[in-house]
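Scroll down for the structure; my scribbles are underneath it.
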Amino acid sequence: MTSYRITGARLLGADPTDLLLTDGRLADLDDAPTDAVTVDADGLVALPGLVDLHTHLREPGREDSETVATGSRAAAAGGFTAVHAMANTDPVADTAGVVEQVLNLGLAAGYCDVRPVGAVTVGLGGTRLAELGAMADSAAQVRMFSDDGKCVSDAVLMRRALEYVKAFDGVIAQHAQEPRLTEDAQMNEGTMSGVLGMQGWPAVAEEAIIARDILLTAHVGSRLHVCHVSTAGSVELIRWAKGKGWNVTAEVTPHHLLLTDDLVATYDPIYKVNPPLRTSGDVEALRAGLADGTIDCVATDHAPHPTEDKECEWGAAAMGMLGLETALSVVQQAMVDTGLLDWADVADRMSVRPAQIGRLGGHGQPLEPGAPANLVLVDPAATRTIDPRDSASLSRNTPYAGRELPGRVVATFLRGRATVLDGKLQ
Amino acid sequence: MGPSAPRSESHQRQLSASPVVVLDAADIQRALTRIAHEILERNRGSDDVVLLGIPTRGVALARRVAAIMGGVEGTDVPFGSIDITMYRDDLRMRPARTLEPTEVPARGIDDAIVVLVDDVLFSGRTVRAALDALGDIGRPRAVQLATLVDRGHRELPIRADFVGKNLPTSLVERVEVNLLEYDERDAVFIASAATAGASPASPASPAEGAIR
Amino acid sequence: MKRHLLSSADLSRADALQVLDTAEELRTLANRPIKKLPTLRGRTVVNLFFEDSTRTRISFEAAAKRLSADVINFSAKGSSVSKGESLKDTALTLEAMGADAVVIRHGSSGAPHRLATSGWVRSSVVNAGDGTHEHPTQALLDAFTLRRHLGDLDGRRVTIVGDVLHSRVARSNAWLLSTLGADVTLVAPPTLLPVGVENWPVQSSYDLDSALDKCDAVMMLRVQRERMNAAFFPSAREYSRRYGLDGRRFARLPEHAIVMHPGPMNRGMEIAADVADSARSVIVEQVTNGVAVRMAVLYLLLSGQPGESERDVAPTTRESELSGLAGAAR
């Protein structure tokens, strides 16, 4: 394996330093082999490889929109060295067989570590627990379970799931959406939805489930992870739960840190997503929550969709946005360039904490000799105009088309092997 | 209608820096009086005569001529307006225009002698549109045309029966008609394109420069 | 006026008055032996109706034909759309056939907007009703009817009663009537008023009786009985008792006040049968006026430079105003 000597990199945004990657690990510079390739990282920030707790790779079943291979290439291009692949595939990832298939597809592609997420209920039906233990024991070693796409709305079932995963240090990641309050919902419920005449998705439908789940988690002594937090009220609830010392973690998507529901007035379904874009008040509360650590991490909820599912009238369109390749830039614009986070915080929110929550060894480690060489080099001074055609994903549904975003991933290393070099996939 | 000295007169006007008044209030009054008498003479009285003015200023002229005719004959001569906007041949080429009222007197136009009244006769397209509009309203016995000014440059085989003044002009000139009902005075004047106050599509003189 | 009519919120006061004044002249056509004008001869107007609506479609068809346009009717049932053809492909087909104007009714809010801004068609797009969003020509004919009876609408009090939440007619009327200077009051049970209605340029109230005492016109909206199954109100009986225009309430209206309804009516639900048929009800006249107003809209949209592409930029003025307010309150 090629060794790399990286010169002049600002480790976590600090003063420039040199790094050596050899044999899949970081090492002392003195141990550099003679044939080590030099990578000039002058002006670049070095972060631990990013870890995404929430990605949709669509395979098996929806390979027209993404495959594990194309999705992991998009991940690497975005600076990720590990992604958690959500279970709402076809067939659903509710057995050891399917999660092992996804794991193997990820290994074969080799662009990042693909960690399958197991479904909580059989077929995402919300009525019967899936074989969580089998998935945990499988080669995929599943630790995160989620019915994402759907909510585990039955209170008893959620309780049982929270209790059951304690046996193997698992975590339930809840997509908080009370189904009865959000039937046929199209956008955030607010003044905008009233004016546009669209069925609203009220904040309370997210918050009520989070409140219930927090209390259940405390009651049974388990772990809860809240997916894609989108409202100010949700942030307050999570802050309260953490204040009580309960084991609750939370993620926020990049788009919820930047975009608001007045974009829906364009009726362009590129902005249709679940949970929906909300108000600027919510965006501010989410940024503050991520800054103070109430929200533990950024997770992309990368959701590829084929063109025909977005190039239609709003009501008929699919919900979801691409996210892997733009996540770091959006976080830079929303959080770093606004002074809410520094690069060390970004490392914490986009690598260290997600790796902890997912119980993912080998990622999110401090960048010192001996650690696995999972690393990303970013040029924060660069800007780029987002062109959907440049995406490594099979799909094109990015909400940032034509927008100028800061920052560019220059290199990504997965256990010492370069998946991206000079800004290009290898 | 002998030849005037068109080129040198209009050439002189073009050199002039300001609009030239060619008919003042008194001239207009005399012209309308003469037109009223000519209509009566031609039609041997005012029986079955209906005057329809083409908006905007044709309407005021129709009203005035009807009043003069009525004064002579001792009767009420029916008059009204006929808006031709929907019948124009240039609708696709310009932004939509506001419609003007079409008010046909109660006796209608069937079997009537309709005298169309306009302020300026130019290309003839306005009158063509008015004839089409009339055809959709009824079937007159005859249609005649009265115009205060005939400035030449016909693009269609249309001619006026009653003319206030023949005014040879060049194409770069603009003929503007002011009437007290809409403007501050009665006057007809000619401006070259450079000194013309309003743009071609303004309502100041819709027939003028509008349907070219 | 712009190239499309997508929402009454897009109409300035001048635009709206131009439509009404034009319609006033065109209304006289109904009295002529030859009810036709040559204005849109050779132009093609397509009625693209994804939702059933005989009444509105016929009104647009009559309007187009009276202007001598060619009319092509496309209804979703039994067509390629019901077999899964997308809005985009349908639009491309119409463009290939050379449509000058597309009148679209669709169940999805924003579908006309998508059609107008997508670049799939170069024709003018007229929104004939999209989901629960807007129905601008209905609002225009309602304003036209009001003006004929009440004169200038500045300061006139109009009460709109019914399922405002699901009503595109209510939204279009709220924007247009307030643009024209009227005082609008929306009356509905709390479950049927939209979130954020306090930010609209109208009043709202849960009490019908107090809203009727001083109004110049009352507009009753259709209320679907099935809404009680989704718990918007407990029963049809309770709804009509609290929010129906019955004989008793009708008697309390000021003498000059008129009664309107966009149709179709649920006689006995939101409006009593004899109220609907009374002399002060202008419901049938609204239909007549609809043709003249739609003629005016087609004429105003289709005049002007053909083929010039003019992208409408979203959001509309009204919607971006309100989203500014929405940022503050949620």
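Things worth noting here:
All chains are identified by letter, namely A, B and C, in their written order; residue positions are counted from 1 within each chain.
Heads up, the rule we're going with is that a contact is a pair of C-beta atoms (placed from the backbone, for glycine too) under 8 Å apart; a residue touches a chain by one contact, two chains touch by 3 or more.
If you're wondering where the values come from, they're calculated on a predicted model, not measured in any experiment.
Of all chains shown, C has the CA centroid lying nearest to the centroid of every protein CA atom. Summarising the inter-chain layout, the chain whose CA centre lies farthest from the centre of subunit B is A.
Taking each chain's centre as the average of its CA atoms, subunit A and subunit C sit 44 Å apart. Annotation: 76 Å between the Cα-based centres of subunit A and subunit B. Subunit C has its Cα centroid 41 Å from the Cα centroid of subunit B.
Shown for subunit A are the residues in touch with two or more other chains, of which there are none.
For subunit A in complex with subunit C, the touching residues are 186, 189-198, 200, 202-203, 260-262, 265-268, 279-282, 308, 311-316.
Of all the residues in subunit C, the ones that touch subunit B in their complex are 1, 18, 21-22, 25-26, 28, 32-34, 36-39, 67, 299-301, 303-306. Residue ranges of subunit B in contact with subunit C, taken from their complex: 83, 86-87, 91-102, 132, 136-138. Considering their complex, residues 86-88, 106-111, 113-114, 117-118, 130-134, 165-166, 168, 171, 194-197, 199-200, 314-316, 318-320, 322-323, 325-330 of subunit C touch subunit A.
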